[in-house]
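What follows is a set of structures for review.
Heads up, the next two complexes both have chain A, just with different partners, chain B and then chain C.
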Partner chain A sequence: MLTTAPRLYIRRPSPTTAEFTVTTCPPLTLPLRLLLLTLHLLRLVVAAAAVLTLYSRFLSIPPTTTTTTTTTTTTTTTTTKQLLLPPLLAGDVPTLLTTLLQAAHLSQPGVFLTALAAPVADWAVALLSLGALYAAVCFQLHKTESVLVLRGLGIQTCSSASSSAAAAAAAAAGTLGWWWAGKVGGGGAGGGTGSKSGWGTQTRFIPTEKIRDVLINEAFRGFEVRYYLIVVVEGEEELVVLFPGLLPRRKIVEAVWRGFRGCLVEGEGGEKG
Partner chain B sequence: MSQSLAPECNEIKEGALKERGIDKLLDEAREDNKENDAALMGKRKSGYITARWDLVTRLYELAIFAWNYGVVTRAAKGFAVLSLVFLLIFLPVERLATREGNLHDGLMRVFWPADLPRSDLRGVVVGWRNSALDVFVLAILEEVEPRNVEWALKMGTLLRNAPHPVSRIYELCGQSAIYVLGVSNTPDTVEVDPSWIRVAIGPGRQPPAVTCLRASSIQVILFERPHPERMQYISLNPIELALGDKHDGFKQEVPDGCEDDDEKEDRKKKEQKRQLVEKLRQHSIFKRVPSAKEKALAKVVNQINCAWELEQLLQKNVSRIGTRPKRTLSVSERVVESATTARDMMLVWMWDMFTIYVWPVIKKIFVLGLVAHRVAGEILLRILEWRAQPGYAALKDVSATAQQVEIRLQQFCYWPMQYVTLRLRKNDWESVTTSHPDYIRFYNSLWLVANDVIIGIALGSYIIDNSGWVAEEISQLLSQYTVDALQSSCIEALRPVLPHVIWFIGFSSFAGASMPIALFSDLLSILTLHIYSFYLASARIYHWQLNILISLFHLFRGKKHNVLRNRIDSCDYDLDQLLVGTILFTLLFFLLPTVAVFYLNFAIARMTIISLKAVFDTMLSCLNHFPLFALMLRVKDPGRLPGGIRFELRDTQDFRHSVDDPTQKEQQQLPSTSVIYLKSVPLSFKAMFHQYFQMGHRIRKHYLSPRVLLCLLTGKFVPPLNRKNLYSLQYSMLPARRAGVLEMWNAVNSLPASGSASASASLSSRKMPVLANGGDGKLPVNHSRGRARGLG
Partner chain C sequence: MASTYNIAMVSDFFFPQPGGVESHIYQLSTKLRDRGHKVIIITHAYKGRTGVRYLTNGLKVYHVPFFVLYRSASFPTVFSFFPIFRNIILRERIDIVHGHASLSSLCHEAILHARTMGLRTVYTDHSLFGFADAASIFANKILKFSLSDVDHVICVSHTCKENTVLRASLDPLMVSVIPNAVVAENFKPLDYSKPLPASFRPHHPPPARPLGPHDMITIVVISRLFYNKGTDLLTAAIPRILENHPNTRFIIAGDGPKAIDLEQMIEQNVLQDRVEMLGPIRHEEVRDVMVRGHVYLHPSLTEAFGTVIVEAASCGLYVVCTQVGGIPEVLPSHMTVFAKPEEDDLVAATGRAIAALRANKVRTELFHEQVKSMYSWTNVAMRTERVYNGICGAISEAEFYGYDAANGAGSWSATRGRSGVQSFALIDRLKRYYGCGIWAGKLFCLCVIVDYLIFLFLELCFPRDQIDICPDWPRKERKLDGKEPG
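This part shows the complex of A and B:
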């Protein structure tokens, strides 16, 4: 439900420029947006819990403080709020973080987590929480790959792992923007064109001069035949495969190829399109 | 028809025709058409026929008349000439026109600096015209007439007072002149050239709305101009941090069987790939001729790099266009100016004195000292590189210390040359980006040496303080790992000297932390020489024993190894042969564990030493080659380390929506526009450490391969890694051939001329405001711009 088979979106503001985006993200409807938002919140919670567990197990000074402050938890929380303000205003990040972690450690869920992790061995706790942290931060839901075709300039491939932070921000912004878009009645079209210049994007630009040809190739992969787009680049040993991570179906590949012929090379648009 | 003609007239004409003798023909014709006429005409038969005949005869007369007067021939001639003209001129022109139309198909490309100041004022857009519909905007000159700007560009007024020759910029950008490209914020009523662009900009709208009569679709490519004075630039290819020239001369001919195998395999693979690529190249169906727009990309990159400086120059000279009332200075301003000029005069005079009398002496002394050092360095280098015979190892190949000294000396030889090239950079436009990698390399090596010395001082003082303890530890280790015979002779002799050696190493580290590391590496090699020799001996014994065991096992089975065919043949042994062989086999087999343990002990020790030396070498390469400067630059200003370019398609929708209502009408006329951002991609960290990755890969391939394990198990000699591979990294900062003493002398002596020239140039530019007395030539940029606006 959260992902679909690779879908193609074409953005073509003028006949000489086009962007082909293949993404596994389904069109963002309101329930889906809410689901994504909850998912990202869940990730945030998991990551926070992992950090807290690590802190309470290895970094804090365990027995003396807990015994003294368990009785006065409520009072400490109120004072921590006052404690948080000065470093926040001063921009003292380490102090702020330690104060925050201390407060979280002494709070209800923090105590619960410590109790939960108490019977487990040290190395297991470290391994588990680090694993959870890694999974929560580096978890990718959707994969998006795009190709930008500019006549007279060249082709640019771009594969963006919609990384956690950017995706979360996009989802949050999208949820807000959906209402506005619904009221205005404007763009409900673009699903896959969120914030692309994120953190994990890798782009590569190939000037037209160096492009020898763009063609569809076929290859065996397991027991199936996959069709994929390749660019033959002048003076390079390796062929450049477009959409290497997703390898979309033949229909999409053909559509993109037709778009390429129409867009990239002058004078060919009429015959081939 | 016949009714319209009067009967009298008909009669007269009939009479006239009869006279001419054609009444007979007429009669025949009437006879022929009798039935037809009767059916069609009925009563009006006679009138119709006469009228028709009248027309025919008239035409006939006309033809005869024309023939008599030569009209036909003349008409034919005219027709022939016209068709010739049509064939020769109009058809090709039409063909050409359609082809041109197909070629450009109305796509216009506009490169637009995103950080160009935006204002609502009318202006003239000037820039490069790469091809008919491919323009590069340099600047918007505000409140001037396009005609005046054209004239000024033609006369070169706008490029006056350039700090360096403008032809250099032209050469860089591949153009011969700057053109007027269009007008900005001009109402549609004003007639402009059809090839010009109309631009609507304002403070509120980021992508300018561009229209052109000739263009059907437009690509607006926005870019941030790199600042040349901050040494930012963009490039299509990643910046080269290592020196480009390959060190073929450095390659040592170490004939090593295993290494050769590796390289052979690599070469074979490469060859195969090359053939594949060649085949692919032959398979491409047609070769497309790249259009002018496609070929312009490299030029455009240069144009982007020059855009900032050129815009500054143009804006500085805007005030020269057209007639402008000159503003005279008020009295108070004059007083201030004369006061400042008096102070300036004093300063300038003192500076002159200094540059004329003191500076040359200082410089001369410095240069002489430099050359003396260089000569000493040359002698040392010669010693280090001396080989007894061409194939033999030089001192620097054997000892890490010698290598380290050599690297430092080579760097010392290279610095003056680098400095000279960097100084020459000052004589050119700052937009010229060819020397920027040199700059980074130069300061990187300087910084690394400084770093090395700083770390070295700390390390050295620590070692000197603890020299006694370190010596004690080392001697203990030695006594643990040496046999008694060695201990009594060598170690005892070494023991009293050891603290001094350690002290010496500590003291050497004031020349950089790399020195003690290299010395320790050498000390390790020397002190473990016995382990190495025992390793060699035991490995040989172990290997022999294994081989004998294998062949005796064959004998035991009644087989033997046929050397000629390289296979196992069966063989009939005699009883005594078998007996002796079996006894020997048993003996050797029972002896094997002892020898194996002996061998393993030394093999493991040897491996430990090799890995220790590898660690030392890695530390050395980090100290000598770490891309520290590049890393800092990457953090501080990624624009200085370009790693390519990237395009980003912007939504055209949002900017159309954001435009106010009054201009909505204008939006209708906009041709289909795509807004693209051109951005520079900073160099990736992976590319910065590319050589480290390469070295790591090589070491891994050499030592962590199953081949090495097999060698260890069978007692074969594990070849050490070729130093060429290990040290290619360290030498990648140095040129393959170092400049000689004379060359350096010439280069350093050529510098003063250029240096004084630039000094005098800077002097003259400093004098300028003093002498010109506030003439409009040297006004500050923002001042003139403000005036230009105010006058509009």
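This part shows the complex of A and C:
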């Protein structure tokens, strides 16, 4: 329900440009949007819970008594607000995060989680929460791969893992990555032909002069024979496979190939058998 | 009658490996394509030859990988080939699976799976086998298993048919004989000129090439130098032939474990100037070697057909050969001198051949035209197509099997259904397999049941509508059944 077989979208912003996108994401209807939103919230909650469990185990402060905890909670909540504001204004992220975590740890769900994880061994807690964190953050629901064809310039392949409906966790992690990159000082991104930008998105540009040909080929893969699109690049041993992760079916592959030829090769019409 | 089929040729043996079966499959496929059928070839991956390939004329070849552990462990691979085989069959929309060569396990597996999938199967046997030694018994059992449920069998000669019928306990009616053929254009005599139009031919036959009494006669031998090709016989006969006949010499091409014996013989008898050993040669070079000689000597001990003697006759050589296997069926008597497979008779027969050539009694320059009219791949393809028509029910049982057989059809096979077409029902198939032997029958039934279960599992896990259909290579216009030469 949440995913479909690979579908093809063709976008033609100008007569000399075409973008072919193959995605497993079904058309976004309202129920689907709501469902996806719920799913992302769920992911966020799971990720937060995992981090919190790890944090409380790291602190290893066993809750003494329920009564004392509740009293401390009430006292801390008032102080948290005062504590949170200055680092937020100053942009001091580590302090902000620790304060947030401390607050969550002392809150009701935090206490519940700590109690829940109490009988479990340290290593098991570490393993489980790290696993949950990984699954929540890196879980890819939809896969999207696209090829942008620019006549006279070349083609750009792009494969992204996450869906277009920006995943909250993914976005957060992306921001974190950006912040870290800024701190280190390596600001520039996307030099050369291939680069990794954003979250799990891989792009590659192949200039027209390097493209020898675009072909449909068939090969054995697992227990079946598949059709796939390849680009023969000059000076490279390996062929470049388009849509390598999705390997759409013959109908899509043929449609892309025709569009490709029509757009890339000047003088040929839009359709070429 | 006018229907065309999608045919899959399955064999372990195909190009780039050279050999008789390989070229048979290629030639037959090409000619069937010319007749408007669609033909694909399924073989295993060779070194540097994996995946899906097209040959120059659009013939599609699947070199299936993952057969690495295949000789060592034969049994587990009985079923491992099935998923990929099913995929290929479905995407190419195959109707008929045609297996070649009895030593090819890929072929036997394909026949089993094809029957499970409900396809028609044909099997072509290219070789003769013994019944005595352990390896033959095992091979025969495997053959019996695979042929229990085949629709039709094609053999390359009548001797081969007899052999196969005995080995696999088949009904002789479901075995056809379709001989091999040669591409006569590739085996022309040295001074060959295009024959004149038919109206002039009786008055102007090609000029005879008389041999003087002291002209050198060259005897050519081209074979792999193995025991079953009669190399021992050759080793014994050569010194005696050369002793009896001055002005003769030998050219021997080919390689094998017996080459060392021949070399020893040459050194012992000091025949270096009269026996030339060429070593291994490529198939394209065979003609160039053949046209250097006058007599072709074929001392083989067992042979299902012997394409090479047809090639030799086509090159205008007088053929001396042992009277074994399917050889006597191959050439008319005026082109050959037969010998028993023993030393004395081989020497005598060669002597007779040399004498006949010296007396200019043999018109070898006419052989090429005669062979050309006898053997053509177009004819082979026509006859094979008739077999396809027969098993698919396109021609009636009476027409296919003969009227006598059709009259008694109800009685001669309990499991045979409508118009000589084998029933696909699992229970009928099991009946056929169960008769293979006390233990073997039950084992074979088990295999068939497992195969069927795998088939159901595959239908569930890899549904048919998830498999892309291949576009066909543009088919040739179907030729009408005109009278082809030969």
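Here is the rule we use: the second predicted complex is superposed on the first by the 220 of 273 C-alpha atoms of A that agree within 3 Å, B and C clash if a C-alpha of one lies under 4 Å from a C-alpha of the other, contacts with A are read in each partner's own complex, and residues count from 1 in each chain.
In this text, a residue touches a chain if its C-beta (ideal position, glycine included) is under 8 Å from a C-beta of that chain, and two chains touch if they have at least 3 such contacts.
All figures in this text were calculated on a predicted structure; none of them were measured in a lab.
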Chain B versus chain C as contact partner of A:Pro119, first or second or both or neither: neither
Partner chain(s) touched by A:Thr17 [first = chain B, second = chain C, both, neither]: first
Touched partner set for A:Pro31, first chain B, second chain C, both or neither: neither
Residue contacts on chain A - larger count, chain B or chain C: B
Chain B versus chain C as contact partner of A:Pro94, first or second or both or neither: neither
Which of chain B and chain C A:Val225 touches, first, second, both or neither: second
Chain B versus chain C as contact partner of A:Arg250, first or second or both or neither: second
Common ground on chain A, meaning residues reached by chain C in one complex and by chain B in the other: none
Chain C - residues contacting chain A, complex: 50-52, 62, 64-65, 83-84, 87-88, 91, 462, 467-470
Of all residues in chain A, those that touch chain B in their complex: 11, 13-17, 19, 148, 150-154, 156, 187, 193, 196-197, 203-205, 207-209, 212-213, 232, 237, 265-267, 269
Complex interface listing, chain B residues touching chain A: 102-105, 107, 109, 134, 217-219, 221, 236, 273-274, 276-277, 280-281, 284-285, 288, 290-291, 293-295, 297, 644-649, 651-653, 671-676, 681
Interfacial residue positions of chain A with respect to chain C in the complex: 217-220, 223-227, 249-251
